[in-house]
Amino acid sequence: MKFPGSHVLSIGQFERGDIEKVFAVADRMEPYAHRRRITRVLEGAILGSMFFEASTRTRVSFGCAFNLLGGEVRETTGFEATSLQKGESLQDTARVLSGYSDVIVMRHPQAGSVAEFAAMSRVPVINGGDGANEHPSQALLDLYTIKKEMEHQGNAGIDNIHIAMIGDLKFGRTVHSLSKLLSLFNNITVTLISPDELRMPAEIVEQLRAAGHRVVESDNMEQSLSHVDIAYATRIQAERFASAEEAMLYRGRYRLNQAVYTQYCKPNTVIMHPLPRDSRAEANELDIDLDANPNLAIFRQADNGVLVRMALFALILDVADQVDTHARDVNWYTERRF
Amino acid sequence: MKFPGSHVLSIGQFERGDIEKVFAVADRMEPYAHRRRITRVLEGAILGSMFFEASTRTRVSFGCAFNLLGGEVRETTGFEATSLQKGESLQDTARVLSGYSDVIVMRHPQAGSVAEFAAMSRVPVINGGDGANEHPSQALLDLYTIKKEMEHQGNAGIDNIHIAMIGDLKFGRTVHSLSKLLSLFNNITVTLISPDELRMPAEIVEQLRAAGHRVVESDNMEQSLSHVDIAYATRIQAERFASAEEAMLYRGRYRLNQAVYTQYCKPNTVIMHPLPRDSRAEANELDIDLDANPNLAIFRQADNGVLVRMALFALILDVADQVDTHARDVNWYTERRF
Amino acid sequence: MKFPGSHVLSIGQFERGDIEKVFAVADRMEPYAHRRRITRVLEGAILGSMFFEASTRTRVSFGCAFNLLGGEVRETTGFEATSLQKGESLQDTARVLSGYSDVIVMRHPQAGSVAEFAAMSRVPVINGGDGANEHPSQALLDLYTIKKEMEHQGNAGIDNIHIAMIGDLKFGRTVHSLSKLLSLFNNITVTLISPDELRMPAEIVEQLRAAGHRVVESDNMEQSLSHVDIAYATRIQAERFASAEEAMLYRGRYRLNQAVYTQYCKPNTVIMHPLPRDSRAEANELDIDLDANPNLAIFRQADNGVLVRMALFALILDVADQVDTHARDVNWYTERRF
């Protein structure tokens, strides 16, 4: 992958070296994201943020990342898209709108639409989620979180870990993408915990095995958690089921809480979740009594999204090596509460 | 109140000294708000503007205030809040979203929700209105306007004034908050003019009296306006009544216009209103024939909102003393029409 | 027209000299719009962007233009306009909202509303479209495109051209405005191609003739295209007809494609369209097989909108002569794909 000017549409574009490059740049974004330093490296640049489907946190995370590099953001949200209603093709829309910014992030409910848009865009496009298809920056931030959490525990990184993925492995876009990325690394054990009806798609299991990884499938969470380095919980994607009743068959099936953690996990097991977690009583896949557990990484994971998105912008716009030269210390109050 | 890093959730947090500090900083913001100078003191800082309820002017006023200090604004409007629909707690939302900015302003239809959010936020939160509960920056800008208008007339400030509040004193959030703030000052006469059914809540009257103020209640506007320094008119909060018919019993009851002003008010009585004023014939609480009256302060009042909000940001982020050192003269056309 | 501080509400405000001034400044904006240079000339200035009617591309184009000059944008979209619902007059809204920015662009569904707003605004207002009435920046960018395309072909500019306007000339706001602007130039031939029921309004034809131009009306496209320098196609404004059925009588009547172009047009005829073009099979007024034709100017036309809007801002805020002194080279990747 040649970064400057590249679209980021799919995790399939990334080789291991590309990922390591993104992560190395993300590491260097920390002083800016943590408000110790500011950089103006992208002063004058414009991000076109086009969210044709609602997603507050992804949208704000991208916008924040671009602002932290010194750039401006012009946003479009919702289907204000009168031009499409007037019969305009997505290609025309792309050619026009791409004249208004230096880089675009786009979310769209329809699988493949972002790639179609990118094909006619005159500036690089980042896929911010196209329906059930891809959301590459989410997959990268998940993997980046694994790396940082493992390093924090004194481990070497992503190779040789044991990860459990828990919940709706059939419809969960994030566990599919993460699995594909893990296939680029070495000697990983993957425990897949789901109801039989919501198992990980066979081709993804196959890809993990083809990479030389060990894959174990189970429908019993408690018996599968020992020896696990990373427990990656997910939400039942209720909106993807034929009916709310069908989704209710599975919501609440797996409930990770401090008691389960204490009894079945080894002491430093890191807990991840792509968020939002469903905290309603009938689901509660990740109990709030874990909030006091220092190995609960879910909010660090969300924070890492800003670092990874800053890194993507910096690499695509080819300013990674200039970030520190347009920088100075922050001059306002920044003491964080947690 | 210790400003740097503090939330601003309720006027109950403010002591008299805090208010005087806010107003002193607001005074110094005037060259920037009036576009004679620009400052870049918050260059690189991000305001997270989250309006889960519509409010164009409050939202734009806060955003403008932050831009005038040199910072960026990332906005969320309406209930795009899919994550809450997916079962996420407001606490989780707060922990995630507060990672994307240096300070947050939030409006929410539900009383108490902003405080609940702030409890888990990692950055300072300003309450931009939580239902019928609080809207502290509005109360501060009202009081700041009283101070400036009185000083403009050669008076000492807020102590010793005579203020009349007119209209829907039962449901009007602004007159409740302003009354509480007035309780921090000395020797004030408060005339409360309302229909009997829409009187000021007893505990607020009690608080004013406990502060040593004189309180007079009346349902007759004309007979109560002589000797008044400030006439603070309000709108009937029609949306708070059981029916439109019930609200219609009160709309139009008090109509302040130039003829009434000339006949009943002393020459320099200042007219205020939190806006919007209802200019429809059946209400018309403040006639447009007052627009030529130099004592009509309602638009200066709206303008003061920018100064007060700049002051709050500057104090919370601890840059009040740096504002003038990151400044220069404006270089574009700024001649105002009025 | 005296630019600094002026509203831009109608093309009727512009004399030929004003237009030439706008175009001269637009020419100088090219290095910034094409991302070779950045300027910070409006750093600290705020654009109030108020779109009370949806229009993604006009809104983003204005916002982009202001950002490219270094300014900030505070946006309001849709009818979040609760204050109007509470009985506030548009005049009050204007006086309050105009305190929050240095210049305003406003779109509103109702003809005349932007001028009404501007009358009470304390800052300059640009009309971004008020219903069927005016959209002056669109007319200016159309004319600017004609000038640039003609110059690119070695012609002198706008005088002496032959232009054909094709389609719904009755309801098409852009062809009305463009015709009025052409009346300021010399010796133009205008061929008006439309169904008889959708002819150009008589008073506009009269204005063209009064300017000394030749006007030919026809309902046959093919026979009218020879000798034409500019073919300006338009969309049937289906939303303006009494019924969808009635609009269907006209959609698809004129279809310009490469075969028609090759057979009937002279070699360098420039094709324009205000966009969006209706690419659905039943309309398809401008076939995508023309996308490979170098004389298809429709995307250059959209790009020119940014230049013209930058020029309007620079002239209204009186910074046209300072743009280049607050500038530097771009430091990020900007290689365009087309």
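Each chain carries a letter (A, B and C) given by its place in the written order, and its residues are counted from 1.
Keep this in mind: a residue touches a chain if its C-beta (ideal position, glycine included) is under 8 Å from a C-beta of that chain, and two chains touch if they have at least 3 such contacts.
Since this is a predicted model, take the numbers as computed values, not measurements.
Participant: Please state, in steps, how far chain C lies from chain B along the shortest route of touching chains.
Facilitator: Minimal hop count between chain B and chain C: 1.
Participant: Chain A-chain B contact: same residues or different, taking over half shared as same?
Facilitator: different
Participant: Suppose each chain is reduced to the average of its Cα coordinates; what separation in Å results between chain A and chain B?
Facilitator: Computed from C-alpha means, the inter-chain centre distance equals 40 Å.
Participant: Which residues belonging to chain B are in contact with no fewer than two other chains?
Facilitator: Residues 72, 75 of chain B each touch two or more of the other chains.
Participant: Flag every residue of chain A that touches chain C in the complex, lowest number first.
Facilitator: Result: residues 4-5, 41-46, 48, 72, 74-76, 80-83, 86-89, 91-93, 95-97, 99-102, 121-123, 316-319, 322 of chain A touch chain C.
Participant: Touching chain B in the complex: which residues of chain A?
Facilitator: Touch residues, chain A against chain B: 35, 38-40, 54-57, 59-61, 63-64, 67-68, 70, 72-73, 75, 77-78, 235, 238, 275-280, 283, 288, 299, 302-303, 306, 330-338.
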